[in-house]
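Below, chain A partners chain B and then partners chain C, in two separate complexes.
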Partner chain A sequence: MADLGIMALLLGVALSAYAAVGAIVGEKMRMAELAVSAHRALYMTTASAAVASAALIYAFVQNDFSIEYVANHSNTFMDRAFVWVAFYAGNEGSLLYILLVLAVISAISIWCAPKRLARSMPWTIAILALTQLFYFSVLVFSASPFELLESVPEDGRGINPLLTHPGMFSHPPLLMGGLIAITVPFAFVSGALIAGNFGDDWIDVARVSAIIGWGVLGTGMLLGAWWAYTILGWGGYWAWDPIENVALMPWLVMTAFIHSIMVQKRRGMFRMWNVALLNIGFVLAQLGMFINRGGPVVSVHSFAASSLGLIFLSFMLVSLVFAFALFLWRMPQMKSDRNMESFMSREASFLVNNFLFLSVMAVTLWGVLFPLFSDFARDVSVSVSAPYFDRANGPVLLGIVAMMGIGPLLPWRKASARSLKQWFVLPIIVLIVTVVILVVLGVQRPVAIFSFAVVAFVAASIVEEWWRGTAARHRSGDNWALAWWRLINGNRPRHGGYIVHISILMLGLGIIGTNFYQQRTDGAIGLGESLIIDNYRVEYVDRGDASRPDRIAQWAEMSVYQIDPEDYRQEIDFARAQGSTGFTLKDSTRRPNDEMIDTIEPWHGFYLDFNMASVRSGIRSTIVEDLYVIPRDFLSDGRVSLAVSINPLAWWLWASGPFFIIGTMVALWPQPAVEKRPARSSLKPDPSIETEGEE
Partner chain B sequence: MAITFGTLLALLSIAVIAYPFLGKKRYRLVSASFVTREKLRAERLRIYRKISDVESDFTSGDLTEQDYFLQRDQLRIAAAEILRQEAGASSSNSQREEELEKEIAQLREEAARPPEGGDAL
Partner chain C sequence: MTSSLTSLMIQTVLVSRFVADNEIGFIESRCGKLPHHFFSPCIDWGSLDGERLVMASRFPFKLIGPRALPQRLNVATLIVLITSLVLLFSACIREEDITLEQRAHQLSGELMCLVCDGQTIDGSSAQIAIDMRLKVRELLEEGNTNAQIREYFVVRYGEEILAAPGGRGFNRLAWIVPVVIVVGAIGIALFTIKNMRDSSLKKQTAAGTSEAVSEYESDLDDYLAKVDRDLGISDDRSYSTDTSNKENL
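Showing the complex of A and B:
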């Protein structure tokens, strides 16, 4: 299989080089046969990448330990289901996976490209082919997954234990796929600019491909957070780790892009700005590849240090120079059709939202790069940790959430005082009422209260938008459900965006709850003993262990009781006096109001070959809060050392995922055909909305 | 086995990229007039979509009546202009194509002219 893989990769080098050169020469020399041939060569690179990937997967399935990569990332004890994970578990395999994704999406995008882009397609093909050529070359000359071992081991080293989690089937592939997918809109827009196509012909293809990459990347990050929450054993889900940050930054920029592209689509503005955003997004995606590939920062997510860092740094710098040289060259021709008429308009709100996204990106980029600069300039190693990011980014992120409510309520072009009043009264009332309710309920922390109120404000603005639109259609004779469906269907990009906004609000609830109201306690308990926190009692009922050739696994069976704190008043008061949020209880006698509600099995494994521990937290999740039990260690005296926390609203973090995906798909779904001018709508405007003259 | 499969892949790739040079089919690059027509059509559809969005915004109360009429009329004028350009492009294009047909027929007896937008790039 190694021979086949190497042959496929070498063929890929030749085909991608031919596609790049042939596309340009064919266009320049007006040689149709050469242009068609180059076009088809790009399709064949997909076949090459697919065959190389299949060869590697087959080697895993066959336990072919003569291949070094297979020996390093699998063994005979590995669950066969994890073959897919092992494929991209290491540097070389992940590069092959990235190449496969790039080749597939390149072929699909070229196949689906509209004919009106024919003049710029050779350049687009060349950019895609050159990017593929880079990856094929790296795989052939620097990081081959088909290197053979001189002596074949009887068994492999096994897969990294942190990767043996269901989230790993989708999180890394989505993350890597999302990052590389940014190449497609970049290639289309750059191709159009090189060919001198300065109009809006590339808008639709760039928007659709950008949203696909953005959605995939966002889903990958969310799955990564879920993976970290359940397996890393620290009770969190986002640590502002450099690898998390380098995925977040292009996502933020692409979020800005998919908002501002709507302004170009609707108002013919922000053309230059959109090109700049795509350039930044593409370069940041390359930065992500550089940092991830044995780059200079250490992370739980990154691959082992290797010489690939320098290669990817070089590619990133070439991308940077190319993107911005092209931008500067074509800048004079990219002027907008019109200027902004008012700062109280939807287009202005998109601009503000773009600046906020870029602010978070810049703060995060500085946090990622500062340790490198410090190391380089002063030879001092420093690390930038979560408090910096939280303090600097927190308020801006809240501002972004607020803009999600403000922007959609502003009309295009310009707003009048009267329309502002009409649209903002309800959300502002909801905001104030939320603050009042939370204060009356005794909720602490003003920042959190304000954050909850902003979430309520945005939710109210979406409901108001949907209500008014649905009501207008209802007046025309549709029933309420059909009216709402037609509203969504009538402008899918917009209403898909609102569904994504709802998912962001759900995410926001989870972030506010877990950041401001988490309770945590530690303790070691023996069989029959309990650990009490807030209104939960966690009783250690039984333990189990299993020894396998690759690991020693231990787990605890624990009963979870809902308690009435009044039954434990004395102990709770004592613990609070000691400054603790919880306490251990040796007495296993139930108190009157103890009610068993669940059983959990936190798990702890130690992997001998990797000298690494891995845990599976025991989690009881409800929409109100998670009871989260981390088994730190199983002690020799029979006790288990636990870290137990209550994570309010954590459930909403993960519930946001389906809404994010559905919203993205709605936004992407092709709009109904408008080939024929639709008949004048029989809809009537909302009579409650006054019309007015120019202010 | 692996070597055989790899060789077959290489041969297939060579066949695919060589076919445009060796096959009977003739290719030509998409003409400027075709691209222009496609661009105009896409622009017209974009304007129709915008008109639909403007109507939807007005219905939902997102636009004042004045803004609605202003934006709708601007878009209608733009659509009419595109329609006029499309009509002009297709009539001048048909003349050019006739001339082209004659030239091709003279130069290549066996040349089968592919349908526009078919196998061309």
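Showing the complex of A and C:
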């Protein structure tokens, strides 16, 4: 298998080099046949990558421990389903996976590319082929997953225990896939620029491919947050860790791009700006690869740490220089067709939103790099972690959310006073009413109140627009559901965007709740004892052993009771006086109003080979709040040491996921090209996705 | 004019916030312990003389003066208003509202676990993290302020122990640069919009009437007018190129 894999990779090097050279020479020397064969060679690299991947997966399935990578990331105890995870669990395998994704999406994108881009296709192919060549070469020369061991071990080392979670089947592949997918819009736009194709022909293909990559990356990050919440046992979901930040930064830039590309599509403006955004996004994705693979920063989860840092740094610098040299060369030809007419216009609000996204990106980048500057400038190590990013990025992120309510309500070109009044009155009333209600309810933190109010404002703006559109269609005879459905279908990019906005609002609710109102207590309890926090009582009722040869593992069964704090007044007052949020209770007698509501089973394992602990938190989730129990340790005296917290609104973080995915898909769904109603005859069909053959 | 004025305001507001933010010791001496949360929410209206609150609140008042608020509300003003509101609310939290344990938990989130690759001691179950958490609680019970406790750990483990760089000396840079970035970005955006608007106004004046609307644009007009009809709204909402507007140009 190892030989087959190596041969496939070597063939891939040759094919991608041939595709790159062939495309360029074919174009320059006007050798059409060479260009066609280069085009086809790029399909064949996909086959090479697929064969190499299949060889590696097959080796895992066969427990072929003569291959070093297999021996290091698998063992005979491993559930076979995790072969898929083991495939990308380490540096070499994840590179192969990234290459596979790149090869497949390159092939699909050049297959689907619209005919009118024919002139720039050779250059697009060359850029895609060169990127593939880079990965093929790294895999062959520096990080081969098919390296053989001199002596074949009895059993492998096993998979990294933190990766044995259902979330791992999809989180890393989506994250890596999303990062590499930015290559496609970049290749199309750069190809068009080199070829001198300055029209807007590339808009649709760039928009569609960018949204796909952006949606995949966003879903990947959300799944990562969910995984961290349920398994890492640090009690959080987003730590502003360097590895997380390098995935977030390109996502932010691509978010800016998919907004401003609409301005170019509708108004012929922002050409240069869109190209610049794609360039930045692509370079940041390369920065992500670099930091992931032996970058100079410390991270919680660098599963792929390696000595490839320098190689990836070089590739990132080369792409940086290439992208911006090309940009500067072609800048004079990328003027806007029109100019901005007013501050109060959608294009102006999109520009502001773009700059806000870029400033969050830049601040994050600064935070990631600051420890290096400090080391370099004064030889003192500093840490830059969540408290810094929360404070530096928090206000701007809230500003972005607010823009989400303002921008879509503004018309293109210029808003009249009347339309402002017509559209902003309701959301502003909702904003004020929210503040009043929260104050009356006794919510105390003004900033949290304000944040909730902004969320309500944006939600009101979306509901208002949907309501008016649906009501108008309802008046013309459709029933309500159909009217709404037709409204969404009438302009999918716009309304898909709104659905994504709703998911961001849900995410916002979760972030506000968990950041401002989390309660937390630590304590150790034995069998029969309880830990009490707020109006929950967590009783330790049973325990068991779940050890396997590679781990020492224990689980606990705990009953969750809803309690009336009045029943516990004395103890609560005592704990408060001690400065504690919660307290332990020795006796197991029920108080009058205790009501059992759930059973949770937190689990704690220690992996000997990895010298690493892994936990499953016990979570009782409702839409109002999560009771979240982390088993820190099973003590030798029979007690279990717990960190228990109440995470308000945490449910909304994960509920936002489906909305994010559905919204992205609605926005991507191709508009019907044929319209029946005569009133729509002037409607421009949206050629979002064209499925013409290649030649 | 308005835009440069507003960007100047934003700048002043943010810089004042920054300056105030970094005098952590000073603020804590006035308003108790600051959580290291974004916005550092304030509910302690008793401390209205807290430096930050006063600084921040000056700006909204300036805006509300008889001549300061532009006649027509524009995006820039809205942004300033929102920013100012946020800043108005930022100050400090009343100490008795959070338990010692809550404070210990927050402080633990500000201290790195140096042996566990980028985790704070709050999230880690390494032995050193457990010991440090106990130490934090102990120091709090002795009545130390958050700043004193941070200092305690910095003296023993070096600056690396802080999850966010302190606001003094070289580390001031860590906090200045984001302010410059955000102010710069908003400034550039507003400046660009203003420039583009001015040149389009000039063009229109020079031409006397609006330029011939391109075929694409007239297509777009029809489309958008249709969208307006579908949405059941008047023409000036979604696109202002109906006939009356064209004549105006």
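Going forward, the second predicted complex is superposed on the first by the 670 of 695 C-alpha atoms of A that agree within 3 Å, B and C clash if a C-alpha of one lies under 4 Å from a C-alpha of the other, contacts with A are read in each partner's own complex, and residues count from 1 in each chain.
Just so we're on the same page, a residue touches a chain if its C-beta (ideal position, glycine included) is under 8 Å from a C-beta of that chain, and two chains touch if they have at least 3 such contacts.
Note that the structure is a prediction, hence the values are computed from the model and not measured.
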{"item": "Superposition-derived comparison: chain B or chain C, residues of chain A touched", "value": "C"}
{"item": "Which of chain B and chain C A:R620 touches, first, second, both or neither", "value": "neither"}
{"item": "Touched partner set for A:V384, first chain B, second chain C, both or neither", "value": "second"}
{"item": "Which superposed partner A:G490 touches (first chain B, second chain C, both, neither)", "value": "both"}
{"item": "Partner chain(s) touched by A:G469 [first = chain B, second = chain C, both, neither]", "value": "both"}
{"item": "First (chain B), second (chain C), both or neither touched by A:T521", "value": "second"}
{"item": "First (chain B), second (chain C), both or neither touched by A:P411", "value": "both"}
{"item": "Partner chain in contact with A:R266 - chain B first, chain C second, else both or neither", "value": "both"}
{"item": "Partner chain(s) touched by A:S48 [first = chain B, second = chain C, both, neither]", "value": "first"}
{"item": "Touched partner set for A:R590, first chain B, second chain C, both or neither", "value": "neither"}
{"item": "Touching both chain C and chain B, counted on chain A across the two superposed complexes", "value": "266, 411-414, 416, 419, 422-423, 465, 468-469, 472-473, 487, 490-491, 683-684"}
{"item": "Interfacial residue positions of chain C with respect to chain A in the complex", "value": "3, 21, 36-43, 72-76, 78-79, 82-83, 85-86, 89-90, 93, 97, 99-102, 105, 109-110, 112, 116-120, 122-125, 133, 140-141, 158-165, 170-171, 173-175, 177-178, 181-182, 184-186, 188-190, 192-194, 196-197, 199-201, 203, 214, 216, 219-220, 222-224, 226-227, 229-234, 236-241"}
{"item": "Partner chain B, residues of chain A touching it in the complex", "value": "1-4, 7-8, 11, 15, 18, 27, 30, 32-41, 43-44, 47-48, 51, 55, 114-116, 118-119, 121-122, 199-201, 203-204, 265-266, 411-414, 416, 419, 422-423, 465, 468-469, 472-473, 487, 490-491, 494, 671, 674-675, 677-678, 681, 683-686, 688-689, 691-694"}
{"item": "Partner chain C, residues of chain A touching it in the complex", "value": "232-236, 239, 241-242, 266, 268, 298-300, 302, 336-344, 348-349, 351-352, 354-356, 358-359, 362-363, 366-367, 370, 373-374, 377-378, 380-388, 390-396, 398-399, 402, 406, 410-420, 422-423, 444-448, 450, 454, 465, 468-469, 471-473, 475, 487, 490-491, 515-516, 519-522, 576, 578-582, 613, 632-633, 679-680, 682-684"}
{"item": "Residues on chain B engaged by chain A in the complex (per definition of touch)", "value": "2-3, 5-7, 9-10, 12-13, 16-21, 27-30, 32, 34-35, 38-39, 41-43, 45-46, 48-53, 55-67, 71, 79, 117, 119-121"}
